[in-house]
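In what follows, structures are represented as structure tokens.
Two complexes are shown next, each including subunit A; its partner changes from subunit B in the first to subunit C in the second.
Let's look at the complex of A and B:
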């Protein structure tokens, strides 16, 4: 008590504000409560049980026993199909990167002022993006037959959807003042875009293209599982032969290649941004 | 020659930008338009290169009514009218020489400009323009590395590279400090005198208008309320244009001698 008395009193009657208004605090608390309620409700509905999770892990040893020792004989075919997978990813990424240029301009509201064209392009791209890569692969393998070609088309559509969204949003955030200056000096629309917008979006464009290439490497493994060629198909074959040693080798190869490609493309992206 | 005849502009939201404006600007004149913000200065200037389109009256540039221009004709008109903006409007990530070459876009084919294939003459002209505003040493600097005054000089070089017959400057010094403002205005006046390029500048600083203009046009609420040579302008004229007494912040200030050696 005496201690309190001796303290400086200049702030005693002053108003100490909250760091955010109480309305904001109440809103954040409410959002957290809703999330917790959703979490509890969905675990109750789906019957998620922590015991099951722990018991499940005891089966792990059975699987690891089968996976090891790894089968090195599969390494040759694994490497061959791996290159096929990388080729698929490169071709699909390159074509989607080229096609996305006009598409992303049509899907950017600062470039495309025509309401109908803008919304139609957006709608098509949104629909494309809702289709999972595996479903696309099933469709195009069905159309073009088992093999690499269907896989490439599936990857192309898949990455076009992602790129169109990312790049059209980058275009929309571009500074339009230089474009106005160029239009005012007699440049046509294409010139104003090429000279005023492209330099602004080029670093992100390159970065997103590399990012999509990374995604395509992983996605091409997955779609290989449904017969779209590449290392994924080899993985599926070995699974069906219960050849788990070979499966583990293939998993290691995929793991290594994904790490290496992500490292390289990460470095390139760091350098350009 | 630029001639505005009974020119009016009503924006889609109903705001009257221009109201029965009648102005004739002879070749080689240096005209400063003054007025409060919202008085229609920008609308006046932007009508001349059709960044906005007046809704009534006639606007003649070199004898042609430009109000019905579109497409190729409009672009052709714009190649002979250079424009300078308050916020410089450079491509910030591009270097200075590329920004200056943008002034040639109107004279360059689409395919060539997409691949940055400018002719040797164009590049020489761009360099010459940079020399005229004393910023040729920043050739390869990115625009966003430059100060505001330097960026505005680059934008003047861009306009020079365009080889225009007219220059429109929309509040070119509003974002600059007093010494730099005088520097930019001196360059504009120098170009006007040396090349005989008709120049129309929007300003809201009274002292600068008095110092650099040959002729002053005063605007209020979209109407021209004063039009005459600087010699006829007094403080009462500005009070008339502004509709209130003159305040401290209507003046830019800045000592002229400080910048003399830089120009």
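Let's look at the complex of A and C:
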């Protein structure tokens, strides 16, 4: 960023601090002190104990005794539920990428000129994005009962919020001149969007969809913990039975699948953009 | 409408075969997905009709009596996120330098650093929280460790990208003038990266607040503990209160962080 700085003038506000270095120093010291004080207070409140951590690491054998040897008997059920998790992610990502098309158009201020519609859509999407995925899962599992359906709905809502933000921003940054030219030569709104906006945003749209699929794989593991099916449910069961060997096996499986899917999706995204 | 369209670009056979193969693969993926997922729609609808009247009205009438307790737990959550992301912001600096090719000048070290960082990023925070609850017991401290380790992966990657995009002319000029490594570090590199490092650290704090709201679900402290009890007690008006507090706090922190980041960069 520093190379982009314009030449400062003496009246420029950003130049003023250089004239009085003590002010900058005092400001930085003050910020630093606030950070440290807040850190000490938070550490005290949350009971951070570095002794405990160091003791924990020196007693690593105790932890590894709990987590190892890993229990390979759980591998079969783990693979089955893993596929369930992947299916959940695929279905949720598919539906959210379909639904996000109209939503992102409504939430882009160069397409939706109606102030009220634009702001309402954005507000709803912003609120949706603040709700953690697990909380969504808790609510939908409560509504639909334990099982994959609640999980899929939760993932759908969760990824809709993320996608709507990313894609409406892409639509907003699209070049509007082709659209204007089309409108001028008599295209209707749908035609102008289909031939003027869609070709411009399609690569990003595909890339973001894959990105959301990646996020959904990870999120579907997590929401399984609250009873939304998939490998997360298996993990939570084994965790509550203190069956740590099995927990470690499942964590290894999750780790492997997340790495593999991220790698594949990364390669595809590189090829698209 | 009678004007002829411009001729279409000719496609090579290879391209056609490739597109066909991709289509087949995608269709196969969907067939596999929809064939093997088993959703009992009868039960879903039955559940929905019996639960809807109970869950939804209660969710939208938060239990205000629990507000002080919920707010106190939310403050603990923010503390967990704060300590965790501050620790991560510091741990990620050496890892970022390791993973930045122009800092180490070694393909091997840079790739090694990137592998460590993506390995760390593959763990969802709550899985790390489970590991740390096993290791240090069910305390907020386990949550802090989970947030610290979980954020290191992303922050390290972003730091490495910032470092790779700095102006190396400054570093070269300093080297030519006989500056040693430490001088180059403090006068050539750090001034260039500090604003972006800070901005990313604050951005990560924003994500961590969201992530740490759920850590309590596995016993790692914060408001997640209350989510767990509200769920197991089917206490939906408590859940509504928790949700309301989470939405407000996360929104406020988002706005504050966006404001601060705009000022820094």
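Here is the rule we use: the second predicted complex is superposed on the first by the 213 of 273 C-alpha atoms of A that agree within 3 Å, B and C clash if a C-alpha of one lies under 4 Å from a C-alpha of the other, contacts with A are read in each partner's own complex, and residues count from 1 in each chain.
Here, contacts are C-beta pairs under 8 Å (C-beta built on N, C-alpha and C of every residue); 3 or more make two chains touch, one makes a residue touch a chain.
Just so you know, these numbers come straight off a predicted model, no measurement behind them.
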Partner chain in contact with A:200 - subunit B first, subunit C second, else both or neither: first
Looking at A:183, would you say it contacts subunit B, subunit C, both, or neither? Reply first, second, both or neither. first
Looking at A:95 after the superposition, I want to know if it touches subunit B, subunit C, both of them or none. Which is it: first, second, both, neither? neither
Applying the document's definition of touch, where does A:191 land relative to subunit B and subunit C: first, second, both, or neither? first
For A:127, select first, second, both or neither according to whether it touches subunit B, subunit C, the two together, or no partner. second
Which partner does A:84 contact after superposing on A: first (subunit B), second (subunit C), both, neither? second
In the superposed arrangement, which partner chain does A:118 touch: subunit B (first), subunit C (second), both, or neither? neither
Between subunit B and subunit C, more extensive residue contact with subunit A: C
Residues of subunit C touching subunit A in the complex: 29-30, 33-34, 36-41, 43-44, 47-48, 51-52, 55-56, 59, 75-76, 78-80, 82-83, 86, 118-119, 122-124, 126-127, 130-131, 134-136, 139-141, 143-145, 167, 191-192, 195-196, 210-211, 213-214, 217-218, 221, 224, 227, 230-231, 234, 236, 239, 242-243, 246-247, 250-251, 254, 265
Using the touch definition from the top, list the residues of subunit B that touch subunit A in their complex. 49, 51, 75-79, 81-83, 85, 87-94, 98, 102-103, 105-108, 110, 113-114, 155, 158-159, 162
Spell out the residues on subunit A that touch subunit C in their complex, using ranges where they run on. 1-3, 35, 38-39, 41-43, 45-49, 52-53, 56, 63, 66-67, 83-84, 86-88, 90-91, 94, 126-127, 130-135, 138-139, 142-145, 147-149, 152, 218-219, 221-222, 225-226, 235, 239, 244, 247, 251, 254-255, 258-259, 262
In the complex, subunit A residues that touch subunit B: 175, 177-178, 180-188, 190-192, 194-196, 199-200, 202-203
